[in-house]
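Here come two complexes built around chain A, the first alongside chain B, the second alongside chain C.
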Partner chain A sequence: MSYRWLKTEGGIAPCPCCKIGGRKIGFLERTLVEVTSFFRNGLFSEEYAKKNGILQRIDPRVKILTLGILLVAVSLMRHLTLIGGLYLTVLFLAILSKIDLKFFLPRVWLFIPLFSGIIAIPALFNVFVPGEPLLTLITFKSKWSVGLFEIPKTISITKQGLFVATMFVMRVATSVSLVVLIVLTTRWQYLLKALRVLWVPQMFTFIIGMTCRYIHLLLKLIEDIHLAKKSRVIKKTSVVAGQRWVTSQIGNILKRSLQMSEEVHSAMLSRGFTNDVRILDTFRIKRVDYVWAAFFILFTSVILGFNSILG
Partner chain B sequence: MEKKVFEIKDVSYSCLGKFPALCGVNLEIKEKEKIALLGANGSGKSSLILILNGLAFPQKGEIRFMGERLTEESLEDEEFNSFFRKTVGLVFQNSDIQLFSSTVWDEIAFGPTQLGISKAEVEERVNDLLEMLDMHSLKDRSPYQLSGGEKKKVAIASTLAVNPDILLLDEPTNGLDPRTQAFLMELLEELHRSGKTIITATHDLGKVEKMADRVIILGEDHTIVTEGCASEVLGNKSLLLEVNLIHEHLHRHDDGTLHSHEHGHFSEHEHNHNKYKTV
Partner chain C sequence: MHIPDGYLGPQTYGTFYAIMLPIWFWASKMLKKTLKAKHAPYLALCAAFSFVIMMFNVPIPGGSTGHAVGGALIAIIMGPWAALMAISTVLIIQALLFGDGGITAIAANCFNMAFVMPFAGYYIYRILVSGSDAVSPRRVFAAAIAGYVSINFAAFFAAVELGIQPLIAHTPDGVPLYAPYSLNVAVPIMTFEHLVFFGFVEAVVTGLVIAYIIRTEPSLMRGSTPSLVPAIGKVGGNWKKLWAGIGVLILLTPLGLLASGTAWGEWTSEGLESLLNYVPEGFKSLNGLWSSFMAGYNISGWNSPFLSALGYIFSAIVGVGLIVLIAFLISRLLPAEGRSS
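Our next item is the complex of A and B:
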């Protein structure tokens, strides 16, 4: 090698600072890396789907159908105790499927305010659901109206309102838990395949599957670019420069992902793809699936029976 | 006399219309041949392979497959397309783009399924391939959860599942460990003996003799510089030097003699000399 600068003379020079942990990567960059690693490791890890629990053993189609029926039953329940019972059943199923409740509960309840808070919270008040007051919050001099709503003299949380809101939250919680349970105990490729076999159009699920694949390639690309940069950076860059780097990379990534999608398309063409996908159905119903389905249909009918007896 | 499968006449191709990749290439490929496309990086090997697989189309000249012109229009014909895809299979240089299904099993089943092969037959093929490549434990994994070498194996399996009569491979041994490389060479040999036509793009001189009876060399000017039987072409050192497939290498031996010889880019870097027999 004849370049003047491409030499190591007198061994490796001592590090002038040698304060490990001195240089920090920028906030934006770090966030990008954290987001990508969350998706790559958290969402796609399929940790629970690989466990040997009860729901993992059920055929995905049967699982989706039976839990789907239960989902409908949940929306028909008019009694808090029955919904509560169903909720406990779902938790019990989660335990039987070896899902850590410490993992399961926070994830479900984190989403519930998002779905239901907007509807449930107003329902608490006598403004929307009139009834016996439980807790009076504000008392006005007289009643007044805003548009269609008549604001009563006192604003309070009513017994009926509390019931409606609790019912609603419990319904949402049970439904969300059921869906999360299906997703956690089924590997996503089988989930897609089961949906496809059941009723969802093939092209739709195929596109979802491909999208997941692209997201993966993209996330990997982002991580690789980040690593490539990290291994070359010597000086700490300014925040502005760092941000500029990130934005320029986003453009770069888009360009590369476009090229990638073209290449993937040609790889599909090469193996005989002609815009109408054919999919192989490889699921097989086992005895455990029949037992499960029978048990579940019985269980749901009993619950629905109770629901109508109780009125 | 075996019949011609590919006839390439005066083909020129440039990527995106401005980066030249092939210039005035003439080539005939016959059934049951075993061919290596040799050339330095960027000489146009991948481009030629894509053209042979009907994925890229030359701007100038023409290519015929079994006497039929291979164009975007002719491949729109359902019957011809199906016949062509069944007959010609390609293992891409980049396995990442070749693998798009959700599981290894689905990936291998994709090709035969698209070509309308029965479910029982597809299942048999996939399971046989998994066994042959010793990948049964990986069948439910997603292709993105595999190492580079494993991806390559899946890519090869997914191409073989179609049972193509003509197999195109773009730098298939890249990134494989020596044992898998040896296995692949063996496999290609076996496939060739079973009657398949095999066309491999490579720049690994060390493997060419095993991979091919006929060698085609693409120069850095994107033209075919020469073609001939493997031993003949590989013996022509000055030509190999000229197309940048080997480079002259000077080094001093323990006894102080200066020694110069040519070698390829990869495997031949590790070699032994008898120090008294230097040039």
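Our next item is the complex of A and C:
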């Protein structure tokens, strides 16, 4: 489905709950934009998962386990150079997995300046991270305080602040790149199945899978409701009327979901569901997986070793 | 409020995994027992609803829009345990498939948004509606207040988790390694935006959706949905085990006497002076504000090792008794169906 007017607004944000809609587009359009961007940008697209790259060839369980350990290793790093090295490794893996960097880099870096970047900027200054000044910006007559904060006499960018901000942004970027890499190179039903390797119970992965399917269904419903409403609107409605309409639709979807759960349950029972979930296991560990795992254990140990030697 | 990867250090996210694993285990066991074969489709649909609720943009005075998280709303309709599992499922899907919130931070995010928020919202709602009719207008206001308070609770916890990072993880010269702002920055900023903005969006959505349900499908308010709020004692039949466990813990309390030093953060001003060589001003003024009738968990005069061990056990019994009494009084305040279903 494509409505050209919906594609003009981007729906990129790290977290939908942190977004305050500042731009003056109506609530109907905003919801439609977000729903459309979900279908368009959602990581369900399996274009890259079908390519014949290195990570696509690795067994999903081995991949999740090894890259998951790497994610934890990223969180343990205390040195900028090591995090930088890990970031380059992730980029190298992306190239080996035939992922277009023109797609991969913006996917990660577009939201980092929007969210973590903004968070990191104040940390540059001695107001938040005191330390050796690198560049003095303003000098006041004396220091003063605002509530809990104390504003020092001179405001400057500090060496320590620069370290904190760079370290923070690089750590977030490397972690996000790793997660995006796992998701892009794995078909999502394999991803869910492979979660079992992390001791996630079968029933839970089954519920996650079902949830994903019904999210699509409910979102299609929401899209239809909003398009129908939009096609009938001829003037701006009041805020209160708008709120009443939106909340009644949420209530409506809630009622439908509960009703649907009963129907789905009946349908499952009629097909012989006994509350015992068994997911067909078709994964096979191949030689390439052993090679990958061996290489990976060595690599992570070396990185962690450097991290502890450097202190 | 979704904390991404890289914001929390391993000490913090590891602790939250340790906290959430037994909670998830307990919740799924309980739901499996109450819902039987129905629980898979029910939780899947509840989770799908929890996901899509964030897609609804609500108009706000001034021409902008915002959206609710829905923790309190879902807990009010489906019960806090189903809400816990449904929202956790959504947070896992968001982290795995959409990159919303980090993988390492899943447990911390689940603690804030799937545990604190629905439970706070649910119990605030139950206390406020106690004794009212299932379709009384008081329920709408109670739901709105529950929505407002619960999102602020969740935001506060998230802010504390981020704010403690510079304290617990830094380089030898004190430079923070993870989220860079300390509590005095993280808490005011996070709570301010939720107190003045997101809280009201949550209140409007929670209140008006409940109003709509009361208008159109009042049976949902009377608890016709599968009962998801089983009393703890009934589900596992584990009261005896619980009491036995508490009994063992009470008997073990004198073990503390073997340890040297004081519990971390429980220093007296003398102890602090010996550690730091000075006593902070604020500490000095507040010290001695309250003196307990069983100071140091001991009874004055019971100084021999045996008697002081007995004193510890006696203190533990008194403490547990007081907590049970308070819990009993709170449970009396809750409406009847919350206690018996």
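Simple rule for what comes next: the second predicted complex is superposed on the first by the 201 of 311 C-alpha atoms of A that agree within 3 Å, B and C clash if a C-alpha of one lies under 4 Å from a C-alpha of the other, contacts with A are read in each partner's own complex, and residues count from 1 in each chain.
Heads up, the rule we're going with is that a residue touches a chain if its C-beta (ideal position, glycine included) is under 8 Å from a C-beta of that chain, and two chains touch if they have at least 3 such contacts.
Just so we're clear, the structure is a prediction, and the values are computed from it rather than from any experiment.
**Student:** Look at A:L76 in the shared chain and tell me whether it touches chain B only, chain C only, both, or neither; answer first, second, both or neither.
**Tutor:** The second partner, chain C, only.
**Student:** Quick check for you: in the superposed arrangement, does A:R187 touch first (chain B), second (chain C), both or neither?
**Tutor:** The first partner, chain B, only.
**Student:** Just checking: does A:S270 make contact with chain B only, chain C only, both, or neither of them? Give me first, second, both or neither.
**Tutor:** A:S270 sits against chain B, while chain C stays out of touch.
**Student:** Considering only touches as defined above, state whether A:M260 meets chain B (first), chain C (second), both or neither.
**Tutor:** both
**Student:** In the superposed model, which partner reaches more residues of chain A, chain B or chain C?
**Tutor:** With both complexes superposed on chain A, more residues of chain A are touched by C.
**Student:** In the overlay, answer first, second, both or neither for which of chain B and chain C A:I309 touches.
**Tutor:** In the superposed model, A:I309 contacts neither chain B nor chain C.
**Student:** For A:I138 in the superposed arrangement: first (chain B), second (chain C), both or neither?
**Tutor:** A:I138: touches no partner chain.
**Student:** Please identify the positions on chain A that touch both chain B and chain C, taking each partner from its own complex.
**Tutor:** In chain A, residues 44, 188, 210, 212, 217, 260, 264, 268-269, 273-274, 277 are touched by chain B and also by chain C.
**Student:** Which of the residues in chain B end up touching chain A in this complex?
**Tutor:** 50, 53-55, 78, 81-82, 85-86, 89-90, 92, 94, 96-98, 100-103, 105-106, 109-111, 113-116, 119, 122-123, 140, 142, 144, 158-159, 162
**Student:** Under the touch definition given earlier, write down the residues of chain C that touch chain A in their complex.
**Tutor:** Those residues of chain C that touch chain A are 1-2, 4-10, 13, 28, 32, 36-49, 51-61, 63-67, 69, 77, 89-90, 92-93, 95-104, 171-173, 175-181, 184-185, 188, 197-198, 204-205, 208-209, 211-213, 216-217, 220, 225.
**Student:** Quick check: in the complex, which residue numbers of chain A touch chain C?
**Tutor:** Interface residues on the chain A side: 14-18, 20-24, 26-27, 30-31, 34-35, 38, 42-44, 68, 71-72, 74-76, 78, 115-116, 119-120, 122-123, 128-129, 131, 147-149, 160, 163-165, 167-168, 171-176, 179-180, 183, 188, 191, 201, 203-204, 206-208, 210-212, 214-215, 217-219, 222, 239, 242-244, 246-255, 257-258, 260-261, 264-265, 268-269, 273-275, 277, 311.
**Student:** Of all residues in chain A, which touch chain B in the complex?
**Tutor:** Per the stated touch rule, the residues are 44, 187-189, 192-193, 209-210, 212-213, 216-217, 220, 260, 263-264, 266-274, 277-282.
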